[in-house]
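We call the chains A, B, C and D, going by the order they appear; numbering starts again at 1 in every chain.
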Amino acid sequence: MSRLVVENLTKVFSLGFFSRRYIKAVNNISFDIKEGEIVSLVGESGSGKTTTAKMILRLIPPTSGRILFEGKDIWKDIKSQEALRDFRRKVHAVFQDPFASYNPFYPVERTLWQAVNLLEKSPSNKKEALELIKESLVRVGIDPKDILGKYPHQISGGQKQRVMIARCWILKPLLIIADEPTSMVDASSRGGIIQLLEELREEQGTSIMFITHDLGLAYYVSDNIFVMKDGEIVERGHPDKVVLEPTHEYSKLLVGSIPKLYRKLEGL
Amino acid sequence: MTFKPMLKFLLRRFVFLLVTYIVATTIVFILPRIIPGNPLAQMLSNLSRVAQANPEAIRAAEKTLMEEFGVDKPILVQYGQFILKALKGDLGTSISYYPRKVIDLIVPVIPWTLVLLLPATLVAWILGNTLGAMAAYRRNTWIDKGVLTAALIVSQIPYYWLGMIFIFLFGVKLGWLPVQGAYSQGTIPSFSWEFFVDALKHYIMPFASIVLSAMGGWAIGMRVMVINELGSDYALFSEYLGMKDKRIFKYAFRNSLLPQITGLALNLGTVLGGSLITEIVFNYPGTGYLLFKALTTLDYPMIQGIFVILIASVYLANFLVDFLYAWIDPRIRLGQEE
Amino acid sequence: MKNREILFKMENVKAYYKLEEVTVKAVDDVSLEIFEDEVIGIVGESGSGKTTLSNVISMNIMKPLTLVEGKVFLKINGEFEEISSMSREEVKKKFWGKEITIVPQAAMNALMPTIKMSKYIEHLAQSHGIDKNELLSKAEKRFEEVGLDPLWLKRYPFELSGGMKQRAVIAIATILNPVLLIVDEPTSALDVVNQKIFLKVLMQMKKMGIVKSIVFITHDIATVRQIADRMVVMYAGKIAEISPIEEIVQKPLHPYTQGLLNSVLTPEPEIRKRGITTIPGAPPNLVNPPSGCRFHPRCSYAMDICKEKVPPLKEIEKNRKVACFLYMEERK
Amino acid sequence: MFSLMIRPLFKNKKFIIGISIFIFFLLLGILGPVFYKVDPTEMTWDYEQPPSSEHPLGTDTYGRDVLAQLFHGIRSSLYIGFLAAIISSIIGTIVGSFSAVKKGITDDILMAITNIVLTTPSMLIAILIASYLKVRSMEAVAVILGLFQWPWYARAIRAQLMSVTSREYVYLSIMAGYSDTKLVIEDLLPTIATYAFMSFVLFINGGIMGEAGLSLIGLGPTQGISLGLMLQWAVLLEAVRRGLWWWFVPPGIAIVAITASLMIISTTMDEVFNPKLREE
């Protein structure tokens, strides 16, 4: 069964007061994500992939089209505060910029407390909650001593992203939107973060949607790839099909331009 | 090369300034009519005090005033009349100089204000920017620190107080310069050499006090801006290409001037306010002094008239600055602003 | 690999950031040669000292960065000149633009925004005491070579698109035919299509002999792989490995290089098969780097000697240098 | 975190100088009138006396004690400055944050208004309004001044909030089920706090300078004594041209010292905080 269904989703931004201009950021896209599936939405900046992610996360409303999560339209069928909290528990995100993911005024663990407080059955007391937080940190390979009480600028980017995944581990959402989770992390930390996300899927059947410009990452992790260009999905399918036999002109150009490790690019 | 984007920019600025000017003059119009305590009635009752004690003259003045303010008509009609008359150059009749027209009283004092304000503002702007840029160029040397500290303090000295200190020091104590007015009493303005020298002597102190206290702010702003520009990517790349330091500095200076021009436009109102007060301190026969007189005699038609003109000139100057800006910055000229 | 002429060399260079309270040992005892007619890729994670190394190569040394020890030589007219004995100002006057040019990270904003590019070229000619018409016609030619209509010279930089700007920057950077071009993370702000165009133009400059050698600094191994002849792997202020590119990709020697290569994700079937691994831990703080081999706390092959002694960078195969005791033990 | 932010300030020499001068004058304004119990309005026959042991700063034309006037003047000027700053900060914060949070047409309209006020020569409008008020209390003067100095601050607040609201940590707080109020209090306000404080300091300057300007043109407070009124009396009664320096020099020095010290505080705060923020 599909966990998330996106139907004819469109987002138009309007700019300017006197001379209004319209920008179609997302243009009539449809796709779905199954239980335990990892998909990637691949595109350059300005392709509309981040706007799509924000609409699915219920951060900005679509202009038209529907987003169905577990059969319910997330923009029309969520009416009560409780229903919204339930949605927030079930759909979560890891963002690109580990520095911008933390408010510099608070210790790092604030983000985990936020997650604990969002839980349906929050731990009855502070001590239990702290235990849960520590457990989540251990789970993502961090010694709680290393980060508890620290401020964001005191820990590394890789650690910050791991704490974000710890947050997801506490919430155990059904769908995680991972918006470029590794692009600002050093190469040697990158693999660990991807592995942690994959483990979440193995253990809990979490569906994951990577939003990325990195076709290499998408090729490696995904069951299904959607290539976006100027607000539209121009190519979709199994990674091998998209990468090895692209059909659309843009995906051909994209695949042909990405530097590879074991092959030289043509025409250099 | 097409100048269309530049025209578009200027047109947009013009419309904006026009709208703003209409708002400002509306405030000028509406204030006496909405402020509690009915200033209009006060004005009428003041008449007997300020106008010559001739009852007929008072009644005549009262009548003119009632007509000019049109208090018996609906407010929109009043507003329409106010605008129409203002467009024709009729700003009403002065009370304290009844029956002279406000416009006739204002026109002769405007040149004095312009002669003081324009050169002083420009000189302060140029000197301040130059000093600030020099400080940035020799960053962290004693020149930089000296300029910065001096600018920080000087920029906080109000024009008029500096003027008072000048009068006291150079006028009263040392007796070098005349202490008030724009020319010696008893001389009649003319285009003679003697009059010019006399006027110049009177000019130095008010001019210097405005220049000195205004330039500190420009210097501080310019210094920060040039330092930022010198650290920007194009400055680095130019350095890597072996461009001469002087040239890179010129680039930074040029690019820092652009925001300073905007700053000049935004500051014109404040500068004008400050120089009006300087005129009062020096008994300098400009618009400020006339305004002061009008304020002390509660000559509201005159006050209104002065404001309609002053605000208009601020906007005109603003528009001129926009023009200059568009002319200097290719990004605006070619239509890629903001 | 044929024996090539050396264009540039540095010997035992230590370049530290001397801050008020601490000293960051960003480049610590590094020796390196750059040959004529080669593209050398310097690869490392953030904080590995790769950008500092590029600053040393160009002698762009400004407080708080200090050259503590070591010498830097550049071959000028067939003779090595010790540029490390000169001040930054001197190097700048004598060599920048003409012999060494750096293309900065944010190449998008590298052009003076409020004058026309032709004017900029004229200023450049003035600075170097060249006839401006001569340089302008050269610029026109160079613009054509990088695939830009020379008419663009009469325009302002902001009228160019992102990819065009990048090309204009290369054209201008190479206008005085510098022997050594240093390119610092130039492609990270570009989309892949423009990245490729940029690399193409860069290689073209070299093939045409406009620049002799290129130093390419990046964190992206796959990009270096595309254009470099040799790759230098930096870790915590030291060189871990220098090898010809094919060999290092096929058979990385240093455990760090192995880890780095195993974390590369490119859209290739080999990668999907290989999987992705992580190097445990995080790069060290360069204020107090670990004793011995700086990689030893994260290294799965670490031996006792690694904690005590600093492994020297040694040639263990032809043209391949590595700083790791694993291979020195093997040799014994 | 708060102490972490404050500490570097007190390591900065310029900041310490600035804050010391300001506190000194603040204390003069608060405690001066308490300890120096001379009535500043009491007229005596000792008129236009130079400083003496009896009148440390001499007397004016009406025989009033200048030092007593100075203490009261500092107090009133600071009071007006603070009040004007509070008004400007409130208006600016409300306009700026509404613009940033509501976006769309609300933003367009509020920013249009802001730009209009920004281009309006505010000092002139202040003079105009003041001229129609027959009785002007200190508070009225503060309101008139406060009404016109907020636009640049509103624009800056809007810009800052705009950039903060598109930060990931704000999204993450929303995704943690935060209400709008909680979001504003926990995530948005702290980010603009330092900037708001710096601006507040500059608004005080605007208020003090503005009061002096209005007073000199004859539109200052109609009751009480302020630094501006002292200067106005000195001008009106020709103190300058008659060389009565003790009358007009002290209030000027007080104005310059207070505003310069606040300026130093604001610029050093900018120096200390900005690079930090950039690093992060």
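Keep in mind that, in the parts below, contacts are C-beta pairs under 8 Å (C-beta built on N, C-alpha and C of every residue); 3 or more make two chains touch, one makes a residue touch a chain.
In this text, all values refer to a predicted model and were calculated from it rather than measured experimentally.
Shared contact partners of chain A and chain B, listed by label: C, D.
Chain pairs B-C and A-C differ in how many C-beta pairs they share in contact, with the greater number at A-C. A comparison of C-alpha centroids places D closest to the centre of the full protein. Chain C and chain D have centres, each the mean of its CA atoms, that are 52 Å apart. Chain B and chain C have Cα centroids lying 55 Å from one another.
Distance between chain A and chain C, defined via averaged C-alpha coordinates, is recorded as 33 Å. The distance from the centre of chain A to the centre of chain D, each centre being the mean of the chain's C-alpha atoms, comes to 47 Å.
Of all residues in chain C, none touches 2 or more other chains. If you draw each protein chain as a dot and join the dots that touch, you get one closed loop, with every dot joined to exactly two others.
Pairs of chains meeting the touch criterion: A-C, A-D, B-C, B-D.
Residue ranges of chain C in contact with chain B, taken from their complex: 58, 60, 92-93, 95-98, 101-104, 106-116, 123-124, 126-128, 156, 158-159, 169, 172-173, 175-176. Chain D contributes residues 1, 4, 105, 108, 112, 167-169, 171-178, 186-187, 190-191, 277, 279-280 to its touches with chain A in the complex. Those residues of chain A that touch chain C in the shared complex are 44-45, 156, 158-159, 186-192, 194-195, 213-220, 239-240, 243-244, 253-265, 267-268. If you check the complex, the residues on chain B that touch chain C are 232-234, 236-244, 247, 251, 254-255, 258, 328-331, 334, 336.
Per the touch definition, chain A reaches chain D in the complex via residues 17, 54, 57, 59, 84-85, 88, 92-93, 95-97, 99-106, 111, 114-115, 117-118, 151-153, 167.
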